[in-house]
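Quick one: the structure is below, questions incoming.
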Amino acid sequence: MPIELPKDKPNNLAANALQEGLGGQFGEMRTMMQYLFQNFNFRGKAKQYRDLIKSVASEEIGHVELISTTINMLLEGTTENAPPNELPLKPALNAGNIHHFLVGAQSAMPVDSVGNPWSGSYVYNSGNLVLDLIYNLMLECTGRLQKCRLYAMSDNKTFRATVSYLIVRDLAHEKVFAKALESLGVNWGKTLPVPKADSSKMPEVRELEKRNLHNQQWTFSNEPSHLRYLTGALHSEMAKLKHLMDFRKDLRSHKHQKLHRSILLDWTAR
Amino acid sequence: MPIELPKDKPNNLAANALQEGLGGQFGEMRTMMQYLFQNFNFRGKAKQYRDLIKSVASEEIGHVELISTTINMLLEGTTENAPPNELPLKPALNAGNIHHFLVGAQSAMPVDSVGNPWSGSYVYNSGNLVLDLIYNLMLECTGRLQKCRLYAMSDNKTFRATVSYLIVRDLAHEKVFAKALESLGVNWGKTLPVPKADSSKMPEVRELEKRNLHNQQWTFSNEPSHLRYLTGALHSEMAKLKHLMDFRKDLRSHKHQKLHRSILLDWTAR
Amino acid sequence: MPIELPKDKPNNLAANALQEGLGGQFGEMRTMMQYLFQNFNFRGKAKQYRDLIKSVASEEIGHVELISTTINMLLEGTTENAPPNELPLKPALNAGNIHHFLVGAQSAMPVDSVGNPWSGSYVYNSGNLVLDLIYNLMLECTGRLQKCRLYAMSDNKTFRATVSYLIVRDLAHEKVFAKALESLGVNWGKTLPVPKADSSKMPEVRELEKRNLHNQQWTFSNEPSHLRYLTGALHSEMAKLKHLMDFRKDLRSHKHQKLHRSILLDWTAR
Amino acid sequence: MPIELPKDKPNNLAANALQEGLGGQFGEMRTMMQYLFQNFNFRGKAKQYRDLIKSVASEEIGHVELISTTINMLLEGTTENAPPNELPLKPALNAGNIHHFLVGAQSAMPVDSVGNPWSGSYVYNSGNLVLDLIYNLMLECTGRLQKCRLYAMSDNKTFRATVSYLIVRDLAHEKVFAKALESLGVNWGKTLPVPKADSSKMPEVRELEKRNLHNQQWTFSNEPSHLRYLTGALHSEMAKLKHLMDFRKDLRSHKHQKLHRSILLDWTAR
Amino acid sequence: MPIELPKDKPNNLAANALQEGLGGQFGEMRTMMQYLFQNFNFRGKAKQYRDLIKSVASEEIGHVELISTTINMLLEGTTENAPPNELPLKPALNAGNIHHFLVGAQSAMPVDSVGNPWSGSYVYNSGNLVLDLIYNLMLECTGRLQKCRLYAMSDNKTFRATVSYLIVRDLAHEKVFAKALESLGVNWGKTLPVPKADSSKMPEVRELEKRNLHNQQWTFSNEPSHLRYLTGALHSEMAKLKHLMDFRKDLRSHKHQKLHRSILLDWTAR
Amino acid sequence: MPIELPKDKPNNLAANALQEGLGGQFGEMRTMMQYLFQNFNFRGKAKQYRDLIKSVASEEIGHVELISTTINMLLEGTTENAPPNELPLKPALNAGNIHHFLVGAQSAMPVDSVGNPWSGSYVYNSGNLVLDLIYNLMLECTGRLQKCRLYAMSDNKTFRATVSYLIVRDLAHEKVFAKALESLGVNWGKTLPVPKADSSKMPEVRELEKRNLHNQQWTFSNEPSHLRYLTGALHSEMAKLKHLMDFRKDLRSHKHQKLHRSILLDWTAR
């Protein structure tokens, strides 16, 4: 797990809200699966972009674990260990999602905050590199927007630690995809980041920004184009964002139009 | 209906493919409903953006009609008018979608090309103007990408007429949203349009481009912020794209940050 | 918008209940899309029925706008404009639908009152005119039944204004479809309307009935078989219900069986 | 099972088409579950209507069995009993629904003819007796319409036997619900039955009509308001339709308005 | 109905929780439909197993009725019979499922406790007898696990009577499928039953166990392989579990491998 | 990727069939997500079982990659690189899933073989260790059953290599879960494996069995309870199945009942 989680009181409503960040349309299962599929399906020689997507995909697996664990910590202790006829599960009747107590064993589920199960129809992978990157950018921004809203819903410390960490990492990923698009010609000016959430009123976020965590992206291996998913040691092999980002130089040797064709396996793009 | 449709032989496989453009995740029902909701839910004083979204939304209603009518023309005549024991509906067993013959009466349905019904979960409306516009841009590009792929699936004339028209109009809408984002600070450089489909091998598309149809957007009324949906007379009140696009001047008087706040009703964006 | 909406206190629970009337199985998106598809797919010479369906379809677009706007008014002001660490969005944890605050920006969504997204599978269009009209009749009655139930859930003035207006218009549409079926041979006796909701205890409804709003249907254009969708001026070109309904005369010249065949494009109906 | 099924050649495309009648929106699972729920949820004293609904519900369980068995007979023998490396299941790649061979063991599934799983959202039970009966009438008509279309798709004898039987029984059920509505005030004139399918070109249907099977409804027990589901002996205790239908006499003693109130448990209907 | 239900106060939250047992993934509609399909699709000569599955399937129809009726009793009386402007349905805004009051008429629906409609995709029928039996065992255990959790949520007497009865019958069914698997070679040791819920703190369950209701399974007819579904008289023809279970003797004459092949219609199992 | 894939001719029908193994209810996305959630949500001291589940979960990520890559290889080359008006995508109209060509860029998608998107509702995690293990056992068997059926559908070499590898690994996983259940008391006798597929007619499978690949399970790290996901080097750190399986000794020190309680966080299990 990428961070240590502080203990606080259980809170099933906060747990349910957090499900949006896990199984929602713009949650971590979505980013993980979307980037995995874009990675598996990548074609053509522009390996730098694939490495980038693979790098973020790997990190998202850790986010799915992080947010699941947080939901579990928020749910644990919401009921007492009493015999059934003393109604230990009565609180479930007013819970954010009764399934947390009835279908699951007070643990995380692959659903959003209103109980819709995660759907494969969420995954976007058009095969056009520019479109996929624009979508990924928008996806990270929307994820951060929702997490900023979550931040304003509860000050539970466990909840806040995870939400703040994800706000900062979503920002890093937004930058990664923004810079990849810059290497293909876009100039974002002062438009990014979106949303322009001010972290001065989000102390936990501010703290992580001081550690520059919103400006880094990690490779996950020493070997080129291989990734390692190390649950407990995610931080051990960090590399500066600009290091991963220097692929613009490599691109100069490609003829832009050709690059597109080879990437897309898509005759429409020439 | 925006265009006249030439008659050709019926073709139920082409009809089914076209369902993607009607009830698919990136089809016309999606754009119509997404822009309608963005329009209804718009808040703040930046009325120019709302007018723009409303303008495109109105046009999309016409596109839903156009594509439905095209599917109907492609289905009509695929079966013969014979008594039941002569098996007039036997071709349905190998049809692209048997529901066209069994559930519908050889007519269009609100489903995609593999039979998934259209879903409200497709609609994106984050409340953040920049994100909504980026999504709309990506949506139009993806719509055009899919229609370029459809173009390469059949040369049926009725099919081609509609697909070509929508390729051109999707391009116009991409430009509309691109320019709206430019007014908020993005410089697209040579990135757009995506995909970079070459119309020299799509004669019907080329023909429409000669009429400059990919560079126009219409207002639908003389009265400010009202739209008119005139089924039969969509072309009658055209206005040059740049006319609708001169709102950048109006924006100068707004302080950028303030604009954001008023639009979003979203405390996170400041 | 068809009516002026009075302001009242915000109420997110009432907003959520009203989502049933927007994105529910018997809500306004359903009627709008069902009638649009029946209109697009209509075949045969009985143009009067198509005009009737088109007329109601056009009005339903305005209802989708009306109910979305009402939900927005009920949601606006349910949170305060405070910095995130003061938990302005805390009320979302107990809201009718947390998505109103987390996924949307306190605005209407294409979902029902328990959060199920609207589905294309709701649309009914069998291709048999009589069946389609019976379904439409039942659909309007069920819509009104649900709105009568909504009426009894909240006395918020904004909520009541919209619910009452829709009760009255659903009744008008029920009559429209009932009379169309009468022209094809059904005698409803005293069965209709269903449900037999007594408006004497619904003062807002009673008020609208005094204006005879439950007995009118509008054409939307002077030109035959064209419709105009005029957001702000829906009331400007009213026509008496019986005017639209005098198509029975035209039908006399058709041989009943033949009419059916031409309408249906359905070999089974002869 | 209500009828004997003649053997014919296997035909996986016909089997798939028939899935619409099993797991489709207007198939036998739908009628069975809708009537079961209407029966379970019935309130008030108008026991005659409940008995009627229960009677049809019970019969529908037998139809689910009949249509499942038919699908199984059509699938059995479509593959040969050969070792795997001789590709006995190769025909599955072009089958109507590959799941018949891959997920199921060449047997019936609770899905429609394009593979959508049956959904609980299909079930209609508004609590208003008139509306429920109108819906049931429309449901039976639509079921018959679809089965008439199925009839014209294949002349496989096993397929035809089942489709014909269901056409005739759907007609009987349409009459049952029509007469129930007549007892509440509707006069259908010459509108019913819909569709007006001519059985002179459907010899198997004609044969069953000669046995008057489209004019009978059975009670399933001698004891009042109890039903018996006797798989093998469904025909043994037939009763004439008019016998079941003589409840109109019983209704005379009820005040119409009161009846409604007691049935509905619906305060809106008075 | 299999048992008499005691009256208690209405409780819409308990009613909603109970929906899981009706329309949930592991509820009674699931067991009923899964066993019905396994029964319809059964092939081969091992008729004893089919009879067993059919026997349980038939009982599950009664459970669907029982749980629907219980939900209805819990909902009845949650609102008062007042005119609409006195807001009799206001409690619906905070109800477990607002659809109980808005879509249904305060009655049971084919959905789970968070409002997801029942889906045909739940039904498991692989065609491999051992796998189907393992799944059925797991299904019954999970059903009982969830009902034990429900027991601990409310002490409403109507609710408890049904939940307790189903706990006991699920246990009986678990034993039935466990013993069927024993006849095919599995020795469960002390693993079963799962979960090991202690009924000493569930007095209503204990009471039913004293009547040995957890150790019986009924045949529903005197005639071999026919079932009778007698709503009011379910208890009248009980037979000891071991009576139904003595099919192991019959199996001795089959060669195990051969049996498999004939059952499966599945060339892969040899 | 765990194995090298031989090249063969493209085959879009085989690609589509293989989607079942990727995004189907019993495919690799399912096993991956189910085991990840069981791992994240695991509680109590029986760390051996959690390690086991984690180990299989990690391997399944590699299987998702393997099967996606195989689908891509089968799709690549099904169309020619020609200009759009020469109809290079015409074959899509008859493809197994037109979305492969229209929505995706001839690449894998998170859907099953009839186009249903993967759903979070598939994931089973009851919180009861025995039930979760039984489900996992059944899941692996069903996965293998479906892959045996796939084997008999095509002899394409790329397709066969992947299907055969997964048959062998599913068997290994079945054994892992079977042995875990043995450590809790079950004796499977000769029941397992199910299905009893004979590999003598599946030469590719036989080849892998000679390498004993169906009898091994790997840990993915030297450090206790950590896993490493090494895309390219999955085979490098194998350990014999019985090594991972010797946790039964560790269990002796636990009182069985107590163990259950701590694992489940489930008061019902004592």
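For clarity, chains are labelled A, B, C, D, E and F in written order, and residue numbers in each chain start from 1.
We take it that a residue touches a chain if its C-beta (ideal position, glycine included) is under 8 Å from a C-beta of that chain, and two chains touch if they have at least 3 such contacts.
Note that the coordinates shown come from a computational prediction; the quantities given were computed from them, not determined experimentally.
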| item | value |
| --- | --- |
| Path length in steps (a step moves to a chain that is touched) from subunit B to subunit D | 1 |
| Subunit C to subunit F, fewest steps along touching chains | 2 |
| Intersection of the contact lists for subunit A and subunit D | B, C, E, F |
| Interface sides of subunit A and subunit E: same vs different residues, half threshold | different |
| Matching chain pair for B-D (criterion: over half of the contact pairs shared, by residue number), options B-C, A-E or A-F | A-E |
| Superposition rotation for subunit B onto subunit C, Cα-based, multiple of 5° | 180 |
| Winner on C-beta contact pairs when D-F is weighed against A-F | A-F |
| Remotest chain, subunit E as reference, centres from CA atoms | B |
| Geometric centre distance via CA averages, subunit E-subunit D, whole Å | 25 |
| Distance from the mean Cα position of subunit E to that of subunit C, given in whole angstrom | 40 |
| Separation of mean Cα positions, subunit E and subunit B [Å, integer] | 49 |
| Residues of subunit A engaged with two or more neighbouring chains | 25, 83-84, 88-89, 103, 114-117, 119, 121, 126, 128, 148-149, 152, 197, 264, 266-268 |
| Chains grouped in pairs wherever the two touch, ordered by label | A-B, A-C, A-E, A-F, B-C, B-D, B-F, C-D, C-E, D-E, D-F, E-F |
| Of subunit D, residues touching subunit F in the complex | 83-90, 92-94, 97-99, 101-103, 114-117 |
| Subunit E to subunit F touching residues, read off their complex | 25, 116, 119, 121, 126, 128, 130-131, 134-135, 137-138, 141-142, 145, 148-149, 152, 181, 184-191, 194-198, 256-257, 260, 264, 266-270 |
| Residue numbers on subunit F that touch subunit A, as the complex places them | 23, 29, 33, 36-37, 40-41, 43, 58, 61, 64-65, 68-69, 72, 76, 79, 81-84, 88-89, 103-111, 117-121, 123, 125-128, 223, 226-233, 264-268 |
| Complex contact set, residues of subunit F against subunit D | 13-14, 16-17, 20, 24-26, 96, 112-116, 146, 148-155, 201-203 |
